[in-house]
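The following blocks contain the structures, represented as structure tokens.
In what comes next, chain A is part of two complexes: it sits with chain B in the first one and with chain C in the second one.
Our next item is the complex of A and B:
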């Protein structure tokens, strides 16, 4: 009996050791990546770097036009995906029951969409937006491709947010004789706004991080875009191009990666704060 | 109002169908002219001379994804157990946020880090550095958050009564985890691993940047490989005609792989919020 107990205690300690080691390794990898990027990138980072045009294929100069292109691609993607995504979420959460066949079909197809590899989105965007709809390599076709990618995350966060609004809201609104549309705009959407905002931030992060889907839709051109039909190079493609295709581009790639990762960390932390603050409020209510 | 909503939902739902349709239409010329077994039996991948052997790319994709799963599964489950049972409350929340941030790092940054840090290290160990091993390590970091976060969700879904029962029986912590928690969370954890496999198979940029992109069957961990997704990204800019169609075929293959994995995960696990 005593030996059995000591065997168990031994096994327990070993498991604990293994799990702490695994957690430590994950933390170490995170710190390693982050410190590499910060140490390598900080030296080249300056205000001039953020606003200048790239020169000598990106080996010198800055990333000004690239930030503009990134912003434009993001804007196109959000302007296309937000109305579509949020209206779909309203339909799924408020207007049809979860087990209706239409709702089930929509949910299932969004679930598949969420798992489509980004390179496949790139192929699709190239075939559909760039060639079939004749938009060419442009910010517009890149943004619309990204919009397709963002739909699942925008819809699932908004859907979850609306479902989390207590039913008493809907019942009291009905008792006061409010129409469903008024209830939606005056009561339900404001109540769900933190999760809408969190979804927006997460989607923005996903869009800014994306590379493979933009390679053959928005293209490589690093000039300042003149219109939405111009090709524009996003920050992530700039990092890829500098590190893979341009010998001696590593220093600028490091600095660009630092800019990208800083923006993404800020977006993610903001989304987490929103979600956390929202949960706390729900508990105290 | 309702028809507007239905219209929007219909558009959102039809994006997947549109993707499948366009992949099929664009790969049709290749599927019609090149018989299916030639994609596996041609002497080499040399689209300029009409040879379309995808087998080395398939093996590269499967080796890289399989290796990454072998490493990420134990690390991810250990991470989930750490958050749920081992870490002090404050530490658990910090660690969970760290894993979520790891999930938010873009693949091009993983690739860049792998290219500038991992590849030179592996090169010292065994040249050339850009290799299957580098791909596996980078992919491990990328899919670990998926495994950890879905496994954590599955652990949270274990009924608290089970845990109280175990505590009342005086079971040790590991005895409880091994005997009660893991068996009852098994389906959810496996579903998460399958989702991670889908992500590993479809991952492009990071793998493209660190694996060396030589079309060959890897004989060892230190051989360079090329994956299906990397092949598409590399050759798409200049591909024409049948070559382009062959790349769409590989895109279609990727898509079908991922859909099959998704179907498997949905069949296994009840909670699919990943």
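Our next item is the complex of A and C:
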């Protein structure tokens, strides 16, 4: 008895140790990255850094135009991908039966698309938007390429969210003589809003952090963009360029990365708040 | 068209009066006296298939205006399917096919000219599990009203108060109309669902085991409510609680699965079904569950 008990206790303690170690290692990795960025970049962070133009290939100056380009690329991508993606998700979840071959084909191709490496999207965007549609290296072309990349994420999160809404809502709404459209906009989409927000967040995060897809589409030019047809350098490309191609650019690369990570964290918090708020309003409204 | 609830009520009062023949077991709180049964829902040769599987086989049945008709029978014999085909919710179920004819007030509900939304507005439905929408109590009732063009606050306000009074919920919730409906108790949620259906001024109420997900106390409250509603509405209620069927229903229909599909075995006045069933299956079921 006693030995069995001690074996159990020993096993429990070992399991506990393993679990804590794993969790600790994950946290440690995050802390390490963050502290590296803070140590290397915090000294260069200032208001001027955020608004100035880069000088000397980015070794000096700031990232003003780069932030603007990043914002514009993101805006183009979301404006193209959100309506298209969410409409497709509604079609998939609400208008096509779950086991139809068309629905299956669309879902399958979305899974495949989600696995395509971003550099491939970059090459496709370059061939299609930049060259075939003659947009050149431009924010528009980069944004549209990103939109293609975001579609699978936006569609599958929204699709899953809508599908998770219990069928009983659809039945009882129909039993009250409510139209499909009203049911969709007043009940189903609000009920799925946390998923929509999650998809939006994931998508935005992915778009802000994307490098490879933009290399050949929105380009490197670090001037302030004058229009959507100008080339613009996004933050992640700036970091990539500074650390790979510019000797002595490390400090600014760290500072830029710190800005990027902070932006992503803020985005995260904002999206969570938004989702929680929606849910509250939807219930109490 | 069928008279509205209030009109029906006054008709009822005229109809009642003389010979108080009770067709139901036990006391009826406020039921109509169905001495002059008029068919409101006429179901002829209704068969229903889910894909290749038959769920209902040639059901023919008249449901009378202003009466409560209880559907009884074991699980899986097609009672829910029968209800869903009356307001054409079966349209929403993929692979569900219907043959036969259902007429309400003489009009075929599968007529291409029949507007489904209007049809469903006139037929309230209450499901087994209460399904309040994840909205406020007030909004739960207001949303369907808006859908049917009743949008002015001056109109919706009194209707909402009236139906909440009707289901006895007003005193419990009038000071928190804007709090989430999901925070109500199960019995309150079910009564809210009934109120939501009543707000559209239906003439028929379909109830699919409305008390089975509730505790006995809440179930009793809902049962009282249903018997108060009889007369104003034509009610079709599915229940496994035979005592309940006996207390509130005027008519009973006994379904049974024969072969693969559910069939109507016997239909008649509630008392007759319970006390002198003409079919031996009915007798076995009624006595078996009782004893």
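Following the convention adopted for this analysis, the second predicted complex is superposed on the first by the 240 of 285 C-alpha atoms of A that agree within 3 Å, B and C clash if a C-alpha of one lies under 4 Å from a C-alpha of the other, contacts with A are read in each partner's own complex, and residues count from 1 in each chain.
The working rule: contacts are C-beta pairs under 8 Å (C-beta built on N, C-alpha and C of every residue); 3 or more make two chains touch, one makes a residue touch a chain.
None of the values given here were measured: they were computed from a predicted structure.
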item	value
Which superposed partner A:274 touches (first chain B, second chain C, both, neither)	neither
First, second, both or neither for A:177, with chain B first and chain C second	second
Touching partner for A:139 - first (chain B), second (chain C), both, neither	neither
Touched chain A residues, chain B compared with chain C	B
First (chain B), second (chain C), both or neither touched by A:169	second
Touched partner set for A:212, first chain B, second chain C, both or neither	first
First (chain B), second (chain C), both or neither touched by A:106	first
Contacts of A:148 with chain B and chain C, given as first, second, both or neither	first
On chain A, positions contacted by chain B and by chain C	none
Of chain A, residues touching chain B in the complex	8-9, 11-12, 15-16, 18-20, 22-23, 25-27, 29-30, 32-33, 36-37, 40, 83-85, 87-88, 90-92, 95, 102, 105-106, 109-113, 115-124, 126-128, 132, 148, 151, 155-156, 180-181, 205, 208-212, 215-216, 236-237, 239-240, 243-244, 250, 253-254, 257, 260-261, 264-265, 267-269, 272
Touching residues on chain A, where the partner in the complex is chain C	97, 168-179, 182, 186-187, 190-191, 282-285
Residues of chain B defined as touching chain A within the complex	1-2, 4-6, 8-19, 22-23, 25-26, 74-75, 78-79, 81-82, 86-87, 95, 97-102, 104-113, 115-117, 141, 144, 172-175, 177-178, 195, 198-199, 201-205, 208-209, 229, 232-233, 236-237, 247-248, 251, 254-255, 258-259, 261-262, 266, 272-273
Chain C residues within the chain A interface of the complex	87, 89, 92, 94, 116-121, 123-125, 127, 129, 131, 133-136, 139, 143-144, 147-148, 178-180, 182, 193, 196-197, 200
